[in-house]
Amino acid sequence: MSTDQRIHVTVWGEFRHEKQNPQVAALYPQGMHEAIAAPLRADAGLAVRTATLDEPEHGLSAAVLDQTDVLTWWGHLAHAEVRDEVIARVRTRVLEGMGLIVLHSAHYSKIFRALMGDTCSLKWREANDKERLWNVCPSHPIAAGLGDYFELPTEEMYGEPFGIPTPDELVFISWFTGGEVFRSGATWRRGHGRIFYFRPGHETYPTYHDQNVQRVIHNAVHWARPSVRIRDDAPNVKALESLPADPDAARRHEH
Amino acid sequence: MSTDQRIHVTVWGEFRHEKQNPQVAALYPQGMHEAIAAPLRADAGLAVRTATLDEPEHGLSAAVLDQTDVLTWWGHLAHAEVRDEVIARVRTRVLEGMGLIVLHSAHYSKIFRALMGDTCSLKWREANDKERLWNVCPSHPIAAGLGDYFELPTEEMYGEPFGIPTPDELVFISWFTGGEVFRSGATWRRGHGRIFYFRPGHETYPTYHDQNVQRVIHNAVHWARPSVRIRDDAPNVKALESLPADPDAARRHEH
Amino acid sequence: MSTDQRIHVTVWGEFRHEKQNPQVAALYPQGMHEAIAAPLRADAGLAVRTATLDEPEHGLSAAVLDQTDVLTWWGHLAHAEVRDEVIARVRTRVLEGMGLIVLHSAHYSKIFRALMGDTCSLKWREANDKERLWNVCPSHPIAAGLGDYFELPTEEMYGEPFGIPTPDELVFISWFTGGEVFRSGATWRRGHGRIFYFRPGHETYPTYHDQNVQRVIHNAVHWARPSVRIRDDAPNVKALESLPADPDAARRHEH
Amino acid sequence: MSTDQRIHVTVWGEFRHEKQNPQVAALYPQGMHEAIAAPLRADAGLAVRTATLDEPEHGLSAAVLDQTDVLTWWGHLAHAEVRDEVIARVRTRVLEGMGLIVLHSAHYSKIFRALMGDTCSLKWREANDKERLWNVCPSHPIAAGLGDYFELPTEEMYGEPFGIPTPDELVFISWFTGGEVFRSGATWRRGHGRIFYFRPGHETYPTYHDQNVQRVIHNAVHWARPSVRIRDDAPNVKALESLPADPDAARRHEH
């Protein structure tokens, strides 16, 4: 963990829709990543930076990751352009303890798929659905300060079955006008890192300006902060208790 | 699932130690894969074939996988030699529903790591440990017919922490003479497939000739048989309920 | 397990609404328990009996439970009238291995609450909701033969948060017209027994005549069949390995 | 939660062995509960009181529980003497959000059994075993500051199978000299409360003077602090979305 007491957050954004689609640019003039970062910057306990796809190393150099406690990830159009060596580096950091908040269409990002080991597939529809997120675990830190549910007046629909491993914790289930449901907030551990997937956030809606959405992401950043940093290792260890004499030691070979 | 009623099992073995190490060859003259396959062949409800690393496509052509309900996997020396396109094919089949039984040092196989999304690391020692596997879920089908525990007089030690996602079900925990413990039997679902990891099986011990080990693998093959085969898909779907008129339809764009 | 190969099923019904409410009597002239039992009787692999609240010992004598592999439970009006000694007996049988299928308003039965250790509370509404049950685990045996979802044109609504422990497996999530969601099919193990909660089944609707509902209950009965019967015990055991001499043996006392 | 910022902890002890057994009295002259409380009192962020069986209402009046954020529980000889109305009150507070730390032989306490819904049975032996607790979830807050494992030179043995529901999180697995293993640190949610079971602590050993044991309990108290207090309720709710006109409204009856 970082040497100062703040949680060091890196907000990663693909930052392509904003340059191509005037509607998205109008909603997020500084980019979606800046809209996600802004409310986090209001918390003096967080040190927030952003990084985007078209920066060198996608803004995720070893030095940046080394100083990152929690990474948030939004991507959609250009999952395939994220370089495998950067993904390997992010994956390693998560397994060492870095928190990861996976947002909306990043269900199909290379990093989420690599950590889930599953299809991560879902149904979808861009129409005119209302989304109501039911809080099924009100005592979870990620749900703090939310009531029984909150609503987004218009969002893209994601529907079940969602191709994910059984979550360690299920926090939100969404209801959609068009008739579907979705496990829209869920957590997993991988290695020593904590992962939270949060469904809302389609680029053509003002979702990241919504106070409840901001609150969930803020809660999740605090929840996902690392308590350890442990590098991967598979040590050959000596016995802690005495073993019987080995009648057959000569047959051993190197592992 | 196959058209006849039998469960079609493919037993995959690396088959290298047996050619290089006379001790292993003495224990497993037909190869470890044949020792694993033999007791399964005694069950008329199973149709068993074997496949090994040095066959074309590692013996795992699309046609073979298409006819495989449950795949067992033992590898150790040559994980890196397994070609990525074969792993991708196996992974796809598991996610469609094929069962996968992962044996011993295959904790570090490409296929297990890809499906777990975790380090899969552990402590290890080749010495003179006894392993006692405690049955912590006696009602689980994989534990059927075993008592409270069974023992292997000498085995390689694997110790915690084991870098795996929280198992859906924990079936066995091992005790080792040298002082360690290990989650030695555990299950997960990925996609529509069932996965069982089973710890014992170091090549220099007669582990696959042990009747309890054979029973566990036999039970696991039955447990892991598919009930569905569903190809991965992320469909764009129509609403099942009427949506309000979209005041803003023009702004929609292609996903 | 019973000596013949069939699964011995006892369908328990409160059988009070049917005597008091002509609407319910019209839907279920032989009682809801008989409507639940009828499609099970069509399976030659099942031996089905029924039992109801107003029979001696509620129809659940020690002899009946001794011969029961899977018990289904529907209650609503009269949870408090079920005698505690009968509940204790049922609970003991579940912990020994008997399967238990808990239906609809039995979320508040004494037996379900005793086995969950939780509030089992939920929101509810009797109105005019349609229920759509989404199949979130298509490879689960309880979901076999169902598609992506099935619908009940009118049902009572149950809404989240549902006061249950984290399910071992989540099979169905319901969508309701009025805007709620519910974890409507979920499994747990307790002791050596398997438990399935299944939400639909309000007495004023023809739910137990629905073929999908019948299929789920039929699947669940097969899934919940016991593989062991193990009586509860907390044995004082001898060491399996030699212990160091105890320098302080005199201080030991009886547990 | 309490109005000041401290976590209000009540350490409950049966306090009978200490009065009956000189060996226990010598180890714990102020009682085991005071030995458990002492290191917690050293944390200015905690407000710690104790309560014991032979106080009026076992020291657990409604007023005390109302001011308790986290309750720790040690009992052994006299589980049956704890009055059911006090257990009901404690259970209600846990379901509302109060944390509960269950210690050693309290695996058989009324409160743990009521919240688990399971047998809570285990094997046991009072002999001369060493216990080594392996840390299988190093990133868990309860494991903070512990290494890969810690040891207790002599302890009572508890062995698997342990009759508990699948833990939400498994933190420690114990190795015993005599050949057994045990899931010795595990968490569950019930209602809005967090529960941690921690195995060590037999009365004839100086376990609660061990710094690692003290650290685990201290960590667990912080981990179990409530974030909400929500009273149990099963509200009849109005629809959030418009329902179709009910053609059949007259048939509805009171729930």
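Note that the chains take the letters A, B, C and D in the order they are written out, and that residue 1 is the start of every chain.
Everything below uses one rule, namely that contacts are C-beta pairs under 8 Å (C-beta built on N, C-alpha and C of every residue); 3 or more make two chains touch, one makes a residue touch a chain.
Note that the structure is a prediction, hence the values are computed from the model and not measured.
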Shortest walk length in steps over touching chains, chain B through to chain D: 1
Homomeric contact chain A-chain B: same or different residue positions, threshold half: same
Between the pairs C-D and B-C, the one where more C-beta pairs touch: C-D
Label of the chain whose CA centroid is most distant from the centroid of chain C: A
Geometric centre distance via CA averages, chain C-chain B, whole Å: 32
Centroid distance [mean C-alpha coordinates] between chain D and chain C, Å: 28
Residue numbers of chain D (touch at least two other chains): 132, 137-138, 159, 166, 168-169, 177, 179-180, 189, 191, 240-241
For the chain C and chain B complex, residues of the former touching the latter: 97, 132, 137-141, 144, 168-169, 177, 189, 191-194, 226-228, 230, 240-241
Chain C residues touching chain A - in the complex, by the definition given at the top: 132, 134-138, 148, 159-162, 166, 169-170, 173-176, 179-181, 183
Footprint of chain A on chain B - complex, ascending: 21, 23, 95, 108, 114-119, 121-129, 154, 157, 159, 163, 165-166, 168, 177-180, 188-191, 204, 232-241, 243-246, 248-249, 251-253, 255
